[in-house]
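Look for subunit A in each of the two complexes below; its partner is subunit B in the first and subunit C in the second.
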Partner chain A sequence: MRRADSSPVGIRVLQYVALAAFIVFLAFPLLWLLSTALKTPRELALTDPTWIPDNPTLANFSDAFGEQDLVGAAARSLVVALFSSVITVLVSLPAAYAMARYRSLVNRVAIGWVLVSQVFPFILIIIPLFMILRDIGLINTLPGLVAVHVTFTLPFALWMLQGYVRAVPRELEEAAAVDGATRLRSIASVVAPLLMPGVVATLLFAFISSWNEFMFALVILQDPGVMTLPLTLVRFTGPEGVARLGPLAAASLMATIPSLIFFAIIQRRLKSGLMAGAVKG
Partner chain B sequence: MRIKSALAAAAIVALAAACGSGGGGGDSSSSSGNEPVKLDFLSLAWQKESVAANKQIVDEWNKANPNIQVTYVQGSWDNVNDQLVTQFAGGTAPDVIHNDSPALAGFASDGYLLDLKDKLPAELKSDIPQAAWDTVTFDDGKGAQGVYGVPFLQESQVIIANKKLLDASGVRVPTPDQPWTWDEFSAAAKKMTKGGTYGVAWAMKSPVNKTLNLALNFGGTFFQTSGGKTTVKVGPEEREVLQRIHDQLYKDKSADPGALGQGTADPLPAFYDGKFAMLPAGVYLRQQVAEQAPEGFEWVTLPGPTGTSAQQGAVSQTLSISQDSEHVDEAMKFIAFFLNGANQAKLAKGDWLLPTSQKAADDPAMTTKENGWDVATASAKNLVVAPFLKVKGFDEWKTKVATPVLQQYFGNKITIDDAAAKLVEDGNEVLERYQR
Partner chain C sequence: MTATVTRPAPPRRSRGRRRRISRQTRELWLLMLPAMVPVLLFSVGPLLYGVGLAFTDARNTRNHETSFVGLENFAELLSAEDFWSSFKIGAIWAVSVTVLQFLAALGLALLLNERLWFRGLARVLAVVPWAMPPVVIGLMWKLVYHPDAGILNDLLGTDINWLADFSLALPAIIVVGVWTGMPQTTVVLLAGLQGIGKELYEAGEVDGAGRWRRFWNITLPQLRPVIVAITSLDFVWNINQFGLVYVLTQGGPGGQTRLPMLFAYEEAFRYRMAGYASMLGLTMAIVVLAVLGLYLWRQMRETK
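== the complex of A and B ==
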């Protein structure tokens, strides 16, 4: 096997250039957000925008934090996203295992139904959903929003996870059974470690979906004391797309921090999962 | 592992706390005995000064009225109607609702808004001119007319001009008493077009309201009702403003076609750079110019041009009461306080719009020359109810027919005859469905 280190210097340089370009591409929105957040209104209106503000100011941050309860809203968003993602994974994991391992007509219908549910326009069910939540006392509550987020993330999470389960060779479980392991034991000791990257990826998907979700939060949460971050950010925009760019950028930048921290914590698991188990390369 | 445990513990504590504080949905309707009445007030203020003014007025009310406590809830113009549709259907709408008059017609005919006709305090009613009340008077869905909001802020079209380029052109500077005619406006734009500078920039990303409001300059209404049936009409009166804008773009070449696809505020950077001399825009755009214009950049507010009259179509920002509110009288009292003359002046100043209150219009802050307030406030006398405001199906006509047709026409892709034919034929098909 050729080692990467043995590549010709020219190829290595090209690889690094491509890598740097990709990182710049990924980082561009964040850097632009930072640059915008530090600009004065006058600088924001220049025809030739600058990368580095001429007169950097923190006024946008003080306006954003002074006018809106960003910290409280971020805390509530974090709670909702954590609960939504964890519950989604806990519910979808056993279902995904069953869908992947027990092949029957019911399973095929279930998978088809999961896919069909993804093309359903959610806006059509907002009013009935709202009434159901109202009748069971979950309007204007974070558990109500968590329930909705879990419900709507579940089909795709299920689809994702059953793909990961399928990728784990059935022979490993059979080998464990030959060694005397029960099904539960083989799932816990053999399948689960190999599924970790899939679980983490699903967790991230569910977390981001919930963290960014706006429409359901808009109609379910009415009390200022329970509103999540997307509802707070939109307060910096006016009619016809006009926005207070400086404070909006400052608030949006702060809004990315919790999810960045969450990613930083969890991405190690994503890597370690890839290296674990019997199928590492 | 410890991090996971800590996160889980923090989340459980936070969710539990949130659950404890989150059940506010029914609070506003749960007053009894000595408990104060609680009202939810959905506000759409978004400018810094406007939000501050809203909060200040609510605080003043709450201090003065311990038995009627108002909770300030901030919403957003972009999605307020989606939010309200759901909340109205679910019976959990706020007691007092900030919106604009075009949105009220549908909610009123669906029975979601309270008819305020017999509830308005005399002082509030007389302080606001009938032309403004006309913008909130709609069919109740059963054939009767009702008043479904209190109008409080309006927008007129003015011209924001680069003073240096205006002075250099040597044209007569228009005043509220002697505004430009459209011919003078076009001539001025031509004079200011030189050396890479266009005389005017028409930002027409959303062209319908702007052109329909200005069309009233020549009596263009775009809709006619006969025998109870409303149809689209594009005759000579309606074509006048359309043709004049088109001429500036392609005949006089005094307007930059590159600005056509822009939103209202988008041409501002080029305006500060001297690439455009004049921007026809709503009065609220002055706020951004005052805040963003570079040091030394001088600008003036000019009245909008006149045709056979100076009339412009107006819509209003409004405060309404939900039909489901259990505290209608208290909500009305709050609205009457919130929209008294002094408070309307604060709100208008915060949003850089025009107050409907005649007392507010006399406030020195509304008539100062600074930032063109004198010109803006004077333009209010030309506002009449926008003819499209009461046309059922207008929103669909606007989105599906008028916006693309006007964009094509201003983009010089179709002739005015083609545009007129499409506006009428496609438009009538849309309106037909709303009148069955």
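== the complex of A and C ==
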């Protein structure tokens, strides 16, 4: 409050002008997408586009649902994302526990790999990966894509999870051991419940990464019959037909919904500080 | 360190430290194994394989005798004009997007750190691009830039096919790159700003330092480690960008937006030149590592 008062009026005005500019820059493409999604084909064909649709309609959304390709692709994306996220968490949970509880060279190698995997251009990995998957018959298959998504979400999922494990005090585990619980039981009954919010967050992160992923899908799935949603959306643009812009915008908006839900949940969780409370209490 | 040394389970009578370490080692490996298998199989393995491919004439087809050619691919790359033009476009793209992203994000983070009205709205908006699938971002901006149905021509009163214009396509996609990458950078910088101790500013105020001096002498130096980290990451992400630009322009018009990764993708999957494309990837990796190394080294030396 004091800082606000100490700012001269001139600076305040400048700050609001700048903030307004940022808000406009960030918001206008989003509003335009929404506006396009609500327009009728006739309005879309106008040479002088309008911001606010004259006859707002939800027809584009139902049209998008009517497109066999899009619905099938969304279903495939859902399957791939579900399998990828569950497998990622199952596979990385033990490793994350090990990384958080034992100090060793393995940790440093794992962390090093997380960093290195950021620097290397995907092309260096994707060509041999394509050859390997082709040789074992996983090209153009959803399991092939799941395997790749798991592999490339893993480093970050590991990183997230080991942070959550670290936040569960070792003393809790030791206390359970003193009470006569076996190691496995102490993990199952003491660590696991405290870890749940972290597991859910990681699961959601892996789900979204897979749901949004484009590059690997582009290389691995080349037959239109097996394509995921991002690929199908891109194909949908195809030869520029203005009439199809409406359903395209509607489908794009719907494809964003899972991520928006994810971010809404994460934000609420960050605010409530669920983990901090559980550990302190 | 000790944990990585695998040794057979010690005999029963050896007790204490040694035995505990060995049990731990076994447990550690057992726990790490499920995660290590996919990473080795689909990530580390292919990476090494890819580095190897760069020195061969491998073709991305089934029936091709692959043979070792040494640095031939590299020589071909250096003499290829379309590689150099792609490299130049990649450099312009990566540097300008990273710099503009940083400046815009720093401005926004400073504003969000003040008590202003509409701050909440700006905060939500600043996270939205992060939540959107890259493909949707690309399609959305295609709608904005659309020559007939797009809003930009209408706003500016122009009649330009932005993404198909030889000189405007690259600036147009740079704007999209900035829009896309701003959220992460803003969030990271804002967290950094909030971590700066209030005492520092109070001390500055006592010393009579003005707004500008406080920014220059307190905020920036305190923020420096965060700035170095996020700009390095942004640079790596930007130079390796593929999906967004693929959706927007597919590298066109006439290769004016063909970033190195799009170039490599075409070589590998359209022309099936696996060895050549791998060498391109390897070259880019080395360039990125060199630029990053130089940048981090200079930053470290200046801090000292």
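By our rule, the second predicted complex is superposed on the first by the 186 of 281 C-alpha atoms of A that agree within 3 Å, B and C clash if a C-alpha of one lies under 4 Å from a C-alpha of the other, contacts with A are read in each partner's own complex, and residues count from 1 in each chain.
Throughout what follows, a contact is a pair of C-beta atoms (placed from the backbone, for glycine too) under 8 Å apart; a residue touches a chain by one contact, two chains touch by 3 or more.
These figures come from a predicted structure and were not determined experimentally.
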Touching partner for A:Met215 - first (subunit B), second (subunit C), both, neither: both
Touching partner for A:Trp51 - first (subunit B), second (subunit C), both, neither: second
Subunit B versus subunit C as contact partner of A:Ala27, first or second or both or neither: second
Greater subunit A contact set [subunit C / subunit B]: C
Partner chain in contact with A:Pro143 - subunit B first, subunit C second, else both or neither: first
Which of subunit B and subunit C A:Arg235 touches, first, second, both or neither: first
Which superposed partner A:Val89 touches (first subunit B, second subunit C, both, neither): neither
Subunit B versus subunit C as contact partner of A:Glu67, first or second or both or neither: first
Partner chain in contact with A:Leu203 - subunit B first, subunit C second, else both or neither: neither
Partner chain(s) touched by A:Phe130 [first = subunit B, second = subunit C, both, neither]: both
Footprint overlap on subunit A, comparing subunit B with subunit C: 44-45, 47, 126-127, 130-131, 215, 218-219, 234, 237, 242
Interfacial residue positions of subunit A with respect to subunit C in the complex: 1, 3-4, 7, 11, 15-16, 18-20, 22-23, 25-30, 32-33, 36, 44-45, 47-49, 51, 90-92, 94-95, 97-98, 102-106, 110, 113, 117-132, 147-148, 150-152, 154-155, 158, 211-212, 214-215, 218-219, 230, 233-234, 237, 242, 245, 248-249, 252-253, 255-256, 259-260, 262-263, 267
Touching residues (chain side subunit A, partner subunit B) in the complex: 41-42, 44-47, 63, 67, 75-76, 78-79, 82-83, 86, 126-127, 130-131, 134, 137, 139-143, 146, 215, 218-219, 222-226, 234-242, 244, 247, 265
In the complex, subunit B residues that touch subunit A: 3, 7-8, 11, 14-15, 18-19, 21-25, 40, 46-48, 51, 71-74, 76-79, 82-83, 85-87, 89-92, 94, 205-206, 263-265, 268-270, 272-273, 275, 288, 291-295
Complex interface listing, subunit C residues touching subunit A: 1-4, 24, 27-28, 30-32, 34-36, 38-39, 41-47, 49-51, 53-54, 60, 104, 107-108, 111, 114-119, 121-122, 125-136, 138-144, 146, 148-151, 154, 179, 182, 211, 233, 236-237, 239-240, 242-243, 246-247, 260-261, 264-265, 268-269, 274, 277-278, 280-282, 284-285, 288-289, 292
